[in-house]
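Chain naming follows the written order as A, B, C and D, and within any one chain the residues start at number 1.
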Amino acid sequence: MRPIVEFAGVTRIYGSRVALDDVHLELLPGELTFLVGPSGAGKTTLLKLINRELRPTSGRLWVAGLAAHTLKASRVAELRRRVGVVFQDYKLLPRLTALENVAFGLQAGDLRVSDEEARDRSQDALDAVGLGDRGDAFPHQLSGGQQQRVAVARAVVAQPPLLIADEPTGNLDQETAWEMMDLFEDIAAWGTSVLVATHNVAIVTRLQRRVLTLVHGRLVRDQPAGRTGRMAWLASS
Amino acid sequence: MAGVVVRGRFPRRRIVQAVVTNLVRHLFGGAARSWARNLGSTAPALGSMTLLLLMSGLVGLTGFALHNLQQVETGQASLLHVYLRDDATDPDVIMLSQRLQNDARVAGLTYVNKAQALERAQRIPGLPQLADASESNPFPASLDVQVKTIDDMAAIDALVRDDVAVDPVYPTSYDKGAYQRIQAVLLGTAVAGFAFLGLLGFIAVTVTANSIKAAIHARRDEITIMQLVGAPRWMVRGPFVVEGAITGAAAGLVAGLITFGLTFAAITAAAGAFMRFAPGVTVTVAALAAAIVLLVGLGLGSGSSLISLRRHMET
Amino acid sequence: MRPIVEFAGVTRIYGSRVALDDVHLELLPGELTFLVGPSGAGKTTLLKLINRELRPTSGRLWVAGLAAHTLKASRVAELRRRVGVVFQDYKLLPRLTALENVAFGLQAGDLRVSDEEARDRSQDALDAVGLGDRGDAFPHQLSGGQQQRVAVARAVVAQPPLLIADEPTGNLDQETAWEMMDLFEDIAAWGTSVLVATHNVAIVTRLQRRVLTLVHGRLVRDQPAGRTGRMAWLASS
Amino acid sequence: MAGVVVRGRFPRRRIVQAVVTNLVRHLFGGAARSWARNLGSTAPALGSMTLLLLMSGLVGLTGFALHNLQQVETGQASLLHVYLRDDATDPDVIMLSQRLQNDARVAGLTYVNKAQALERAQRIPGLPQLADASESNPFPASLDVQVKTIDDMAAIDALVRDDVAVDPVYPTSYDKGAYQRIQAVLLGTAVAGFAFLGLLGFIAVTVTANSIKAAIHARRDEITIMQLVGAPRWMVRGPFVVEGAITGAAAGLVAGLITFGLTFAAITAAAGAFMRFAPGVTVTVAALAAAIVLLVGLGLGSGSSLISLRRHMET
């Protein structure tokens, strides 16, 4: 199986600050992977590299068949349409309703989706995150956790081959967080590669999936699924 | 619960229809609604644009009227007196008259006899005692030739200068120096007028573009989000350009309607006076001006949206 | 001891949606209290009422000696200066550096604080949240967790009599989250009343402080310190 | 680690100094730096303001120059010919001259004899053959009186009309109708000029205010955050007002400098021609105009900041 994401010696430096340091990594289709590490370790930076929000300072990086490290600006949108993203700060469009936000995620990628279809599928996605009755609300009318769930719905609605989520349960209670994880597992089972950056120890330890540990920008540990014991990064940070 | 999403379906029927619908909706359908939602950030732009477009429209119309007025007055300035010998015979004068009347450059011809010439001279300030003081009438009869354009004065002058009926010493009122002065004044006025119109236009364009820029700058976060979600370039730009166009068109429409309304009211209220002071400004011309104002607003709104989007679009 | 916050039958309705329903509540100085409940239960609404971001639809509410339900607009700033707030979405000033943001929180409340003093104390606060070396960074140059910690530093730096924090560890790893909790405990010990809305079960169960549980806008449970057993809201949501 | 914060200290010394320092710093110290940081959102406002202030400055100066020019020309128009009898005696004429010269309303006096009058008449177009055709000279001698203001024409006319030296039939060149026409034209020009200046001023004010409004609207989130943190009203408004003032002052400064620079360049490059076409526009006047432009910018910037902040400040 060809990897959907491949990091080959990727380094990212902000000014003089090394946020990601020589990372080698492969993600496979259908795999649910957790990305953990202390605050400021470089998790968001790694995810931003995948979505071509950032370019690597050095190293090579392939995403969904495209060479992200040399990708022309005109083809960036094409890459991003193959990646569903849950941003750490949600990034909902403030002037669209929840349903419109989700539909935007769908139709931005595929013009062939008709309006009714977009509405139906967006409604399904909102139902899946438990917000079926809040489709008409604007982001500022939703609670923090509700906004976060709209962001999850937008990321999954187009069923992209790759899904990356940055702290998608940070504002959710334990039970709702589990529902989101169920959703991610379903999506992974459907063939999507899912990468979730999270601080939620309970979830990571219980699900027993693959865990990548970042500390100070270095990928210090890559535990395969089923062998996630005591969280190493708790001690090492 | 979560399973619902995964059972996604892609019934690829009526795809063309959907694509077209989506294109139209993304570009126009939502734009009007979202324009209304965003009025808060576009209101200042709208105000400035309306004011300046209105100004441009009215000043443009005024300029047009002044231009026509000037044409009329230039017509009056292009009157050539051809002085006749006191001893010119009637057939000679008639010959000369016919020669002039057949000339395409001549618009009209009037014969002024010596008595009329004296009477006219008495009306010139500074010569009041003339009629009384002098027994004999020193003023010659003349043919007053209305030349179609002031530029043909020299040619007509050359044409009649050596005619037998014409006074050989002071053949005509044509004065090269005075003519050149008039030309200079006309040119100066035209240049000044165009410079002013151009300046106002430049201000209108700059301020409008700046207003739209500011409105888009206020929404740069949205542009970033759309790009991050993978929206293609046209889908990010499209709605902003259409919204800019709506803003421009709204400003242009208001400005155009006011321009037309004011002109129309002036025409109907005082047709006579208006015709005299603003010749050529008819209802049709007013409507045309309003349409131009509208189109300029539309073009400016969409154009400057497009340009200022570029700055926020580098990836 | 006079309560620093007192809710008497407070209800808050958005349009037709009841976000908070007849809440009665007292918070005492020096008390560290947790506010828990599922996503959308009304936690942020309750905190916004305390900071006079919202007015109660009905009921009476006193905060730090001021009657928030009848407070004139001109005195709102006075109330807010007595309350330190960690917002769920941080609300850092984007054009100020981390240190300037913290100093703003200090000097907004008290003009008598000189510049050096403000700098020193802001630096201390940043040190306390583990960001002593990032004072010069602008918010967009910080990671999610780092921004959250700057928000914590800004809220505590003026040592207000009341501190409210909305999900202050949502973007923090477990260890950093514990450091924040240590900080809140220290501040409570110093006499401040601290109210923390959180989803972090591990922290709530281990600290054994007073726990308020909100469900669908109703305050369904008020467990005193030392008697926080199995989290009731996990089941009831 | 966490304990550090709690050991907070409040050394209440030099409190007055700190308060003053903080006031100044919050209002001005940081404002310049933060203004530079925010250039992105104020750039469009800055551009529009500069352009319009510059326009207002230049048009104002032009208006001033035209006003002076008109004064000069009105001076020329206020020339009164007092026609003398052909048989007036020298003492009578000298008496009349002295009476006029002693009058405070008279600016100057010239005697024109009959020969000069004829010569002058020959230069009037339309009367070319006069010198040849007539043996006797029909033109009277005159005293050409330069009246200080055109409004005194009627009084001077009344003063001399019945003098023994003055021709009883055509005493003077004063013509009530012509005088009223000149008055009407002057009034019309003045009204149009003021209307235009006022209009440009109105546009400048509106557009500037709108630009500042847009810049503040783009930063409403910051205003909200400051309020939520409990910043007192003046601390929220202050920096925005100061930033608005800086924007206005910057636009005013640039516009003022350009106004001054252009005028100064014109004055030094062609002093003679400039004096003739723009009388009264000296370096001092240009500097004054530049200063006014700067002050207007400053006032507009801070004023419209203050006003548009209100809209974003309701709690």
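Operating definition for what follows: a residue touches a chain if its C-beta (ideal position, glycine included) is under 8 Å from a C-beta of that chain, and two chains touch if they have at least 3 such contacts.
From a predicted model like this one, the values you see are computed outputs, not experimental measurements.
J.: So which chains are sitting against subunit C and subunit D at once?
T.: Common neighbours, subunit C/subunit D: none found.
J.: State the chain with the largest centre-to-centre distance from subunit C, centres being mean CA positions.
T.: B
J.: Could you work out how far the Cα centre of subunit A sits from that of subunit B, in whole Å?
T.: The computed centroid separation for subunit A versus subunit B comes out at 59 Å.
J.: Using mean CA coordinates as chain centres, what's the gap between subunit A and subunit C in Å?
T.: One centre to the other, that is 29 Å.
J.: From the C-alpha centre of subunit A to that of subunit D, how far is it in Å?
T.: 64
J.: For subunit B, which residues are shared contacts with two or more other chains?
T.: Within subunit B, no residue contacts more than one other chain.
J.: Return the residues of subunit C touching two or more other chains; collapse runs of consecutive numbers into ranges.
T.: Answer for subunit C, listing residues that touch two or more other chains: there are none.
J.: Considering only which chains touch which, how would you classify the arrangement: line, ring, star, complete or other?
T.: Here the contact pattern is a ring, one closed loop where every chain has two partners.
J.: Please give all chain pairs that are in touch with each other.
T.: Those chain pairs satisfying the definition are A-B, A-C, B-D, C-D.
J.: Would you mind writing out the residues of subunit D in touch with subunit B in their complex?
T.: Answer in residue numbers: 40-41, 43-45, 47-48, 51-52, 55, 81, 83, 120-121, 124-130, 132-134, 136, 138-140, 167, 169-170, 173, 175, 178, 199, 203, 206-207, 210-211, 213-215, 217-218.
J.: Considering the complex alone, what residue numbers of subunit B touch subunit A?
T.: 1-6, 8-9, 11-12, 14-15, 17-19, 21-23, 25-26, 34, 37-38, 221-222, 225-233, 235, 314-315
J.: Please give the residue numbers of subunit A that touch subunit C in the complex, ascending.
T.: 14, 36-40, 43-44, 88-89, 141-146, 148-149, 166-167, 170-177, 199, 201-202, 233-234, 237
J.: Touching residues of subunit A toward subunit B in the complex: what are they?
T.: Of all residues in subunit A, those touching subunit B are 51-53, 73-74, 76-83, 85, 87, 91-95, 104-105, 107-109, 111-115, 117, 121, 124-125, 127-128, 130, 154, 156-157, 159, 179, 182-183, 185-187, 189-190.
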